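Some structures to go through are shown next.
You will see two complexes here that share chain A, one where it goes with chain B and one where it goes with chain C.
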Partner chain A sequence: MASLTSEGNITSFQKKGRNRIPYIQGTRQSVQNAQILASSGVPSLDHVLGNGLPVGTILLIEEDVFGTFAKLMLKYFLAEGAACDHPLFLASRDIVPKSLMKDLPLPIKSDSGSGSSQGAKVEDPMTIAWRYQNMRQVQSAPGSSNSGTQLGHNFDLTQTISPEDLDSCDFTLWSGPEENDLPVGGFINPDYGFLLSRIQKHLLDGQFGVQDEPSKHSILRLAIHSLGSPLWVNSSCGQSLDATIKKDLPRFLLCLRSLLRESYALAMVTVPCHLFQDPAIQRLCEYQSDMALKFESFAGSSYETNPVFKEYHGLLHVRKLGPINTLATPVPESLDLAFKLRRRKFVIEKLHLPPELQESAQREQDDILSGNKSFSCSSNQSSKLDF
Partner chain B sequence: MLRSISDGRLQSPLILFVDNGPELYPGKQYGPFSSLVDEDSDSSSMFLSVIKSYVKGSERATHVLCWQRKTSQHLETLQKQFPSKLILHDCLSDFNGWIDQGRHQSHLFSIIDNSISEDTREINIVIDSLSNPLFTIGFGSCIQDLQKIVNFGSINGIKVHQLLCLVNANLVPFGPASILHLKHIASTVVELKCHVASITHRKPGGHIEKKEEKYAILSEGEISIEPLRASALTEIRHTEEKPSTLPQDVASFRVGLSDKEKEDRSKLVLPYMRTSDTPQEIEDGGGKVFYQPDAVDDWDDEDPDDDLDI
Partner chain C sequence: MLYSKMAAALIAALGLDQPNVQSSSFAVLERGNADSSFVLSCFMWECLVGRPARESRANGLLLPRTSESSTAVLLLSCHHSSAHYRNQTLKLGLNLTSLSQKGLFEELDLMKVISESLSAKKLSAELVDEQGTIAVKNLFLSVRNKLMKMRENFKSVCLIIGNINDIVTSGVSLEHVFIFINYLQGLLSEISNMSLVISSHVTDEDENERLLGTFIKNSSDLTVLVSGLQTGLSKDVSGCLSVLGQSVPSGTYHYRLMDRQVKMFSPGSSSV
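Right, the complex of A and B next:
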């Protein structure tokens, strides 16, 4: 018996003659785990997630309170798909999906930003501190150093996609169940089942399965906006709000994930986690998705006027980086990440404290962060350390 | 901001007033009959006062869905003054359609559907309060109707310019969770508590404006409003136009240098500077000591290691 299995093992090790992974526009094979990667549309976000989103996975985005940045992420995700000729699928009950599609940003053709920074460097040589001349510049935006091998496009938020380009793009919109749909999966709120059956049908019809052999492989980008929002409350729900969502939402994500695993597709799902009273829902959703990010916006919060965060518009919390085709996940060099929205561009950066320019007895950010805690070792209550 | 709401000037499709009820003081003993939920609460009369001035200020017709007895009683006199501007709907009587089948309210605005003719222009709707229909019509169905107004500005073919509604935070089907859900879909939220209104207004571009205002109800039903404090504006600031805190803005003298001054400065040779006219061998790393003997130097020609047997 033992010899038989060992023999079987030897014969089963065959090197495949042809490369089984087809070339798909807008994708690249990961050097770590041979997974196909596609860009999320934000180069700095790709860098945080290990150079791109692996195809066949779900990226869960926990929305900021007013949903502004989560919606922006969806726009980038879809715009990247439109720029790479990927078919798109957008589902939302909260907003009119068509209005989001009309708002997609346009890709920038050439990057002129790096050239101007080079010029500035030569113009002002260091005469005294010349040893620092050739030091590497600190890159606070992750992934900006290797812009030559960048996977995705850069987008300009001030320009939106033209109606002709939108017409030529292959997209499907979902805002609610239609008449002859059949729900699947035994959800309490049948809407989840309606959406799932629609996605399943779309994957089948478009031949996105790994077994399928269409004339040209492409990647379906699924964007689901605000899943589990008030609009997903069952019109005849009798139990508490959280109990229904707790059963339906993780189940939906699990079903979606199993569909995606065997298809050339990837999904970005935003969930308004701040609406759930039960923290277990958030954990379950994170557990059922492959990667999870939380956007914490400063809009309307006390952080907005805090001098520590003056340069940023919010914090990015990496909640989960799932191991895909590997045992260990690639961990970005820093997990203290913040984001800012410029007029044209959204960037994720390592969180830096601002330079101290005002003359003050004590650094003000220390007060704010430590609250009333005293740092002095002695028992006296003076706030300064006396030597 | 409260003033601009009551004059109908604020551009916002759905304004939600949340009545948080009276403040409970910890440690104070409350009698067995003290009521947390009071129809005649202060916030509720404040909302009615807002409605009265809203009806007078707006040029559109205002339809008020009365889900409380006192709403219709309070507004009756005003309706007689402005019959074309204010239309009252009594939602409370026979909402299940047990007496008259036609009065059954299957969704939030079914009572208006019957009373509006095709050629009506935009209208404003006021719901006082939302707490009852959330139970009788259903939470999910109400939320979906409200969302349609936010998204499309119309419902069942009726164009709705603005919708004002009051909800009592203690009188909702699923407790605090439902208030969170309602706030999530509203474009403007006015939280009423202890004569203070905290207003959170979402602008269409995604900017957030927050205000806190103190209000008092005067004897004639008018309200007086004063800002509590201008809490800092929250905007999604664009980093390009951030205010500079560089020293030149605070200094009383000129901090920068002109081109001429920069040129002069660059001519000055400072210690530790790497000058271009250094000899080649020094550049290459070879060292040499030049020493100019001083007049008082004790110069010794002897070999200092003479006594050693090397």
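Right, the complex of A and C next:
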């Protein structure tokens, strides 16, 4: 097949062999190692993670205290999949999975927020600080300067997916074992085995394996909500809750990672680490995941009323960014990350202290003079000779 | 220049460029959220590229002979997939795919074995028992047979095991893993010119991983400790690497992982 050179001339050069990496809607290839990347549903989070989630990996989210923002991340993850026509798989024992699917937000059609603000700045020239007119604007949100190459969508939380659109999506829900299911993996709590068996069967039936050749390749998005929560306790387990979770949860993540490595699939798993008494469980889960984040919400804490954090709803801690088929891992520009939830956007950005604005219009030296009458030698302050 | 310096800094820090280090056992322990797979990739680079290049230069040859004078490598990867190590070593200038065709490199991917054990394929049935856990005895026999076959064709062999703690995570008891490591140590005297490199992740809060890390460290000639920075992540420094050994001067280094290179330097100084 003839191809074009950079000057527009047609050459007879033919690329040898076929491209092994198939084109999948809603994904792109990494420049460093040709890894297929997909969006998490939050563009600013994609930038933190290195331009997207690598396909075949697990993103572990350590839930905030009330689980609000962890559940929100799952919604964005699934909504992004729905917008890109990716098949979805949602598992939860804490909530009814169907109710979460019904609350998926709709993507915003056009996002011209950043462009319009920059245009306004150009039209409003500076008269006093004119030397700073042409300086580059400081971008707080990661990745906002290259919004033209953004992978994912922005979503409007006030608008949810319509029942017709939801019916047209390819999704599978799991809230517990069914009659004909058989557990795999030899877990102490067989419910983990049931879920793993179901995932493995879904990967096989949907031809998501890297060796499979379906008519159209796609990415399976696995969302597992609150894995290891108290509702996962099985009465048949003889050991204590923590002892069971300590053995089963890392093993489940290891088995899941083994399945994903051979598939065009990626998983987002939320875990309520704040409920585990043994700190080793959190460490082991982070180790068995490819990437791990912790959401710390300000709700119910002293930070909620702290004026320093008045613009934000919580802090984002990057716990782990493992190397995926490469030597060096991408490191975010800043680790001081905070998130804020607006009606039409969920933004993760560098934590900035608010500017210290004085409420009084008086000059500072006037405040000193008016407040220090006892220090002046003369009682007559109106004399022009007074210093 | 054939001798690449991409992994040479790490090899020099570990003293592997010194002679008479063939029959040795090495322990690589990683702490926190640090990843030590780059150390194993450097070991593979040293066995397959570094040492043959040095020996050929010592013999006055321009090109190393990839024949019976080379070191063959068997990789048993438990935490990362085999594709991860292939891509990583490719960044260091080592093509494992072409070397495996010459018989110099073989791999056992335990993640693939676990994945197949969950499905109906059961291609590696001899490595998985009826409960779905890894059959350690069969795994040892498989490793031993491969090593002996490689030793017949090449001068020396090296067994590299990545993150052996994942065998415990997969359901095998800690005692069986101790016995497995003990048997592997026994291969060092059974097979001449053999090296053994075992890496493990150590979670301080988990007693099993702590015991396993201590056991591996005590039964090795040289220990490499890989950990992250205590203050978090940094673009200039990827982590901290400590070397403890009898024949090598102990030291603590900072390392930086770049796209195609591993840089080592003393804490607080720039790369040398």
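Operating definition for what follows: the second predicted complex is superposed on the first by the 335 of 387 C-alpha atoms of A that agree within 3 Å, B and C clash if a C-alpha of one lies under 4 Å from a C-alpha of the other, contacts with A are read in each partner's own complex, and residues count from 1 in each chain.
Everything that follows uses one rule, which is that contacts are C-beta pairs under 8 Å (C-beta built on N, C-alpha and C of every residue); 3 or more make two chains touch, one makes a residue touch a chain.
Note that the coordinates shown come from a computational prediction; the quantities given were computed from them, not determined experimentally.
Taking chain A as the common reference for superposition, should the pair chain B and chain C be classed as clashing or as fitting?
Overlaying the two structures gives chain B and chain C room side by side.
Regarding the shared-chain residue A:N33, is it in contact with chain B (first), chain C (second), both, or neither?
A:N33 sits against chain C, while chain B stays out of touch.
By the touch definition at the top of the document, which applies to A:H313: first (chain B), second (chain C), both, or neither?
Only chain B is touched by A:H313; chain C is not.
Considering only touches as defined above, state whether A:G300 meets chain B (first), chain C (second), both or neither.
After superposing on A, A:G300 lies in contact with chain B but is clear of chain C.
Thinking of the overlay built on chain A, is A:D85 touched by chain B (first), by chain C (second), by both, or by neither?
A:D85 contacts neither chain B nor chain C.
For A:Q288, is the partner it touches chain B (first), chain C (second), both, or none of the two (neither)?
second
Output check: A:D170 vs chain B and chain C. Expected answer is one of first, second, both, neither. What do you get?
Neither partner.
Quick one: classify A:D181 as touching chain B (first), chain C (second), both or neither.
neither
Could you look at A:F66 and tell me whether it touches chain B, chain C, both or neither (first, second, both, neither)?
The answer is first: A:F66 touches chain B but not chain C.
When the two complexes are placed on top of each other via chain A, what is the minimal CA separation of chain B and chain C in Å?
17
In their shared complex, at which residues does chain A touch chain B?
Within the complex, chain A contacts chain B at residues 66, 68, 93-96, 127-128, 130, 229-231, 233-237, 240-242, 272, 274-277, 297-300, 304-305, 310-311, 313, 340-343, 357-358.
Using the touch definition up top, name the residues of chain C that touch chain A in the complex.
Of all residues in chain C, those touching chain A are 33, 35, 37-38, 41, 81, 83-84, 87-88, 91-92, 111-112, 114-115, 118-119, 131-133, 166, 169-171, 201, 203-206, 232-235, 238, 257-260, 262.
Which of the residues in chain A end up touching chain C in this complex?
Touch residues, chain A against chain C: 32-33, 184-186, 196-197, 200, 204, 246, 250-251, 254-255, 257-259, 261-262, 278-280, 283-284, 286-288, 292, 318-329, 331-332, 335.
Would you tell me which residues of chain B are touching chain A in their complex?
Checking each residue of chain B against chain A gives 138-141, 143-144, 147, 151-152, 174-178, 180-182, 184-185, 200, 202, 206-208, 210, 232, 234-240, 242, 245-247, 266, 270, 272-274.
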